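Once you scroll down, you'll see the structures, which are given as structure tokens.
One chain, chain A, links the two complexes that follow: it is found with chain B in the first and with chain C in the second.
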Partner chain A sequence: MITQEKYRTRVKELLASNSVKMVIGYKQGSTADRRRPLFVRSFEEADELVLDSNCIGNLAGYLVTEGLLSDEKRVGIFLRPEGIRSINILAAESQLNPEQIIIFGFDTSGREVKALQGEQAEDFSGLIDSLKEKPPEKSSDALLYRIDQMNTEERFAFWKDEFSRCIKCYACRQACPMCYCRRCIVDSNQPQWINTSSHTLGNFEWNIVRAFHLAGRCVGCGNCDRACPVNIPLRFINARMAQEVFESFDHYAGTSQTQEPVLASFNKDDSETFIL
Partner chain B sequence: MAKIGVFICHCGENIASKVDCTKLAAAIGEHPGVEVSVEYKYFCSDPGQESVKKAIRDNNLTGIVIAACSPRMHEATFRKACAEAGLNPYLCEIANIREQCSWVHTDKDMATEKAMDITRSMIEKVKRNNKLQPIEVPVTRRALVIGGGIAGIQAALDIANAGQEVVLVEREPSLGGHMAQLSETFPTLDCSQCIMTPRMVEAAQHPKIRLLTYAEVEHVDGYIGNFKVRIRMKSRYVDIDTCTGCGDCMTKCPVKKIPNEFDCGLGKRTAIYTPFAQSVPNIPVIDKTSCIYFKNGKCKTCMKSCQINAINFDIKDEFIELEVGAIVVATGFQVQNTAGYGEYGYGKYPDVITGLQFERLASASGPTAGKILRSSDGKVPETVVFIQCAGSRDPSKGVRYCSKICCMYTAKHAMLYSHKVHGGKTHIFYMDIRAAGKGYDEFTRRAIEEDEASYLRGRVSKVWEENGKLMVRGVDTLLGKPVVIEADMVVLATAMVPQPNAKEFAKIIGIAYDEYGYYNEAHLKLRPVESSTAGVFLAGACQSPKDIPDSVAQASASASKVLALFSKEKLEREPVVAATNEITCAGCWGCVLACPYNAIEKKDIFDRSGRLVKRVASVNPGLCQGCGTCVTFCRSNSIDLAGFTEKQIFAEVMGL
Partner chain C sequence: MTRILFSDKLDNCIARWRAAGLTVFGPVKTDTLSSYAAIEHASDFDFESVLPDRSIKDLFFPQTEPMLRYTIKKRAIDTEDFAPPNDKRIIFGARPCDASGLAIDDSLFGWDYKDEYWIQRRNESVIVSIACTKADDFCLCSSLNLAPDSSTGSDVLLRPLENNKGWVVEELTDRGHEAFLAIAELLQDGSDPIAPIAAVPEKFDLDTCVAWLQNHDNFESKFWKEISMRCIGCGSCTYLCPTCHCFDIQDEGDTYSGIRRKNWDSCSFALFTMHTSGHNPRATQSARWRQRIMHKFNYFPGKFNVNSCSGCGRCSRQCPVDMGITETLQKISTLQP
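What follows is the complex of A and B.
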């Protein structure tokens, strides 16, 4: 509650001094433990801001809304550490100018919320480096542990079963801060590389393409997972890709604003295990 | 409406023995859009090509598929035939039913089925092919030759003698390279400097050659016909225009004991020096690391001794920007560092020397004026042991290849030694005697038969000193016995290796290299002097170990490639280049990073009032090599490759 009050005051200060034109934060959602995004432009709206352990969505994706940053004015945003990593990736991919982004950093442990020191993305580089040093334990999630124990056939069967529910609504794409393309590859129909139908093949095509497009870019915020209306545990696919690029190329998504995309860059000492 | 002609080639029996071509032609004739489907023994033959042209004209074909060998073989042949028949050459596709079908299968029925699939898929592709026009780029008719050894000089002279401008860049203070260091040359034993220096002088005085010595290429940009090069002119601290080369400064310089690089450390030089007496240009340089003035700010003896005030310690490095149309890389080689051969005692015993050091001892211009003397005591050695393959053909030392020149120069050394030291004894340890070349085998036989070189087939395990003698323990595998020879001098035929910075330099120019750092040719057999990058050619030992005749031949070959390139004002490039979709491009710049040719730039898009709307990727068609790396990277599918468009590839895949 202290952090919430502190940040409400700070938001009002920034609005009053015209330092930001808007702050993106959280407000009360449709149920007691749900939070929805809030776009604060006035003091009254600032009073609606909520900051507690239920604020789990990554709001970074709203920043790349077409035209939002083109006036070069600053925008404030509430972000967890993974959200800050998203800002770094978006900056590295030239989707935003990080100097325009004022960060209200926070993290939660249990029900407790703590503020993170810093205002600009680069202020948090120490924090992100420490996250890279100790990636989360695999066994921390029961389902992830189960998937890890499976052999290739079992895993394929598991995902086939999960994907059989996919209705190709693309909510995962809409929720992902990294899916900023104006025309997604699935919307390209000349030619139609990816099947539009939600049958097994089409579902596999879509989800595998998405996984590859997020390789080295996913920060594991879980937006896709929560957005999925049929509860496919999408974050595990991306977590696996993140693990692969980390182990093969020592690439941890979003460490800096100049990080090169792992699939477009090449180093002399890159592992080349695929070359026989 | 598509009217496709399909021409199925038997390739003698190469295809026909495993693919039922008659059945294939009949089946393909049924495929939608196919107007003509015929078979023939050799479509690449003159009558074969004529029949293709006739079919195009008679049937007004809109595209053709040649079901035959790999497009690497005859794509160009049939595209040309298309053009002659009035059909855009890019409306011709090759279905590879030889390398990818008949050669790799045994079951005729199944191979025929597969040939049908391959051919159908290409028919579907060619239906969607577009007419493409070659891209024309202007050619700057000026060549850059990098390296002033025999290869570089030869290439520069050949190009200049044909009337084209050449810029010849040499890293060292003088032209000459390794050849200038040699004593006599095999197989004729003519004096190396006597045949080299006239070439050096000719290159320096040639009106079409601009000579830049003590200079290094630092940056290369651009593409075939249009390279932009930045060259660093390292400061000599001597004004090249006023210096007369009198040499007073060198005699006065108080620092006199610097090991002379040109003499491989066997002689000494001063801090202001020319590498050797016949240096071209004959202008000294100051070695900054040894010069007293640069160490503690005092001395300037040379400056005071110079009567025309040519020495100036304030001269800075200068940069020259040049536009050139072609580049010949002739950067040469180095001798392998023998430190890895502790067992032979190089560096430990002064009389264990490398072949190149022996060249300097034998050279009339060398530190001993051509006398073979031991570095340790100045005495004439009575027994000399030569160890061939000291590094070469030895995977444990990192060199698997044969250095090619060592058998010949070792025979030459033995010969020179016996001519200079009458009664001296030579022993040569060898693995094989590789003497393939005009007059080469006769030369090694002469060393054995006339000059009594004793060849021992076997390796040396150890060299050590005992009672003032170098003890060489080896094995004579022909006798099956170990041998120990008491020697006064041991000469190691060390391996030829690429220049230490060869890989970094390759990256500057943008050419490929092998695991050792030798530069890769475009095709080992058929395009041996072209690098992997269009407009960049290779000459001499930077590509692989070579002797003088081979280096000169390759240099002339490179020159002829350059001249062919310069024979036209404009250059036609294949129109297979990428293009971006500016509407859908998200501007993430992954393609800019992924492009190995730096062909993608950022382009600003403005609205009518001049406000920046967005920035998108834009491909420079002059630079693009059509590799398609950017296409595979682009997440939003906003890049397409002409001739291999998404639609074409999709149709090809779906045609299977």
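What follows is the complex of A and C.
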């Protein structure tokens, strides 16, 4: 509650001084434990801001909404550490100017909410470096452990079964802050690169394309996984890709605004184990 | 006295229906998802959940369906149609909102062009609905002139008895009567008390909303932008909706042969209305959300005299950003017409 009040006050200060045109945060949702995105432009809206352990969605994707930042005015946003990493990637990929973003950083442990020190993305570099020191633990999740223990055939069968539920609503893509392409490859129909059908082939094509596109870019916010209406455990695909790029290229997504995308850069020390 | 199907007879009923050549479907819950699926035993059913995650639409209008196979030859093109499946089915334990959804889409798929896939599946299926004794915060049938015990779209309506002992049977159509003839001797007469149906409070006044939507001045209202600001444009509301019925026709194959398929499509997607020229008449997400609401509560009823929403609430229940028809109509009902 203390952090919530502190941030409400700060949002009002920034609005009053015209330092931001909008702050993207959370408000009470349709059930007791749901929070929904809120776009604050007035004091009344600022009073609706909620910050507690139920604020889990990564809001960073809203920053790349067409036209939002083109007037060069500043926008505030409530972000967890993963969200701040998203901002760094979007900045590194020239999708936004980080100086336009005022960050209301927060993290939670249990029901406790704590404010993170700083307001600009670069203020959090120490925090993000410390996260890199403890990269995602291997097999920290029972299902991930089970997937890791599978041989190739079993793993293929596992994902085939999971993808069989895919309905190609593309909620995973739409919820992902990294999926900002104005025209996704699946929306390209001259030629139709990817089948629109949600049969086995079409579902594999889509999910594999997305996995590769997110390699070294996914911060593990879980937006895709929570958005999936058919409960495909998408987080494991991206967590595994994150693990691979970390082990192969010492790449931890979103450490800085100048970080080079792992699949678009080359280093003479890169591992070559995959070259025959 | 009413006719009762006691729960302990259900396995026998399933066996009889199966012996009569019917595939039995019903609400099924797995670790990952609940949906309407084929079952073999009464213990396979999930009667506990308020409603399945996936709607009944999946059984009549699959997300992808082959229509024809084509082969391009030197001087001709050979085509071969995929006939609609000829599978006699009984769907036991449909939710009344899902059954109503089928009736809504009947008007569209049986309109100027008769959709043989839909119609054949509808003709081959017996819908046995169970009145709801449970609801959640997202259910809104009562706001749409429907109720937890509506019989619209059902061939048989079952009303649960207290303590899950069974159901009172109400046959509504010839198709339902015929299916229950096969199990007639398993039914008993009785006067056991019926469980109270779920309370679903009315969330908005539909007539007020419709009047607002029908006022042309409101088409450009800034309300649309405000209400849909957080919409991320995924299609999950449309794909889980029992009445959303839009599809796209796609040819898949190489230069010489392939399959033409009918795939779900969604008005939430920018590509849905994109013209070849690059112009998009629904260029923004707010225009797409407006279309979805207008279609369901203004254009569709204008043509077919029924709203294209049966109040299941899946759109709100599953929305990644906690939007949905309920919130939109609730807000509209407070606006000046």
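General remarks:
In this text, the second predicted complex is superposed on the first by the 275 of 276 C-alpha atoms of A that agree within 3 Å, B and C clash if a C-alpha of one lies under 4 Å from a C-alpha of the other, contacts with A are read in each partner's own complex, and residues count from 1 in each chain.
What we mean here is this: a contact is a pair of C-beta atoms (placed from the backbone, for glycine too) under 8 Å apart; a residue touches a chain by one contact, two chains touch by 3 or more.
Computed from a predicted model, the values in this text were never measured in an experiment.
When both complexes are overlaid on chain A, chain B and chain C end up sitting side by side without clashing.
Touch criterion met: A:180 reaches chain B, while chain C stays clear of it. Once chain A of one complex is fitted onto chain A of the other, the partner contacts of A:94 are limited to chain B, with no touch recorded for chain C.
When the two complexes are overlaid on their common chain A, residue A:30 makes contact with chain C while staying clear of chain B. Chain A is touched at more residues by one of its partners, and among chain B and chain C that partner is C. Shared-chain residue A:264: touches chain B; no touch with chain C. Of the two partner chains placed by the overlay, neither chain B nor chain C lies in contact with A:127. When the two structures are aligned on the shared chain, A:211 is found in touch with neither chain B nor chain C. In the overlay built on the shared chain, the residue A:168 is in contact with chain C alone; chain B does not reach it. Here the smallest spacing between CA atoms of chain B and those of chain C, following superposition, is 5 Å. Note: residues 192 of chain A belong to the chain B contact set and to the chain C contact set alike, using the contact criterion stated above. Within the complex, the chain A residues that touch chain B are 93-95, 180-185, 188, 190-193, 213, 260-261, 263-265. Of all the residues in chain C, the ones that touch chain A in their complex are 32-33, 53-54, 63-64, 137-138, 229-230, 232-236, 238-240, 248, 250, 252, 261, 263-264, 266, 269-271, 316, 318, 320-324, 326-327.
Listed in rising order, the residues of chain B touching chain A in the complex are 583-584, 586-591, 593-594, 615, 633, 635-638, 646-647, 650-651.
The part of chain A that touches chain C in the complex is made up of residues 29-31, 34-39, 57, 61-62, 162, 165, 167-171, 173-175, 187, 189, 192, 195-199, 202, 223, 226-227, 229-232.
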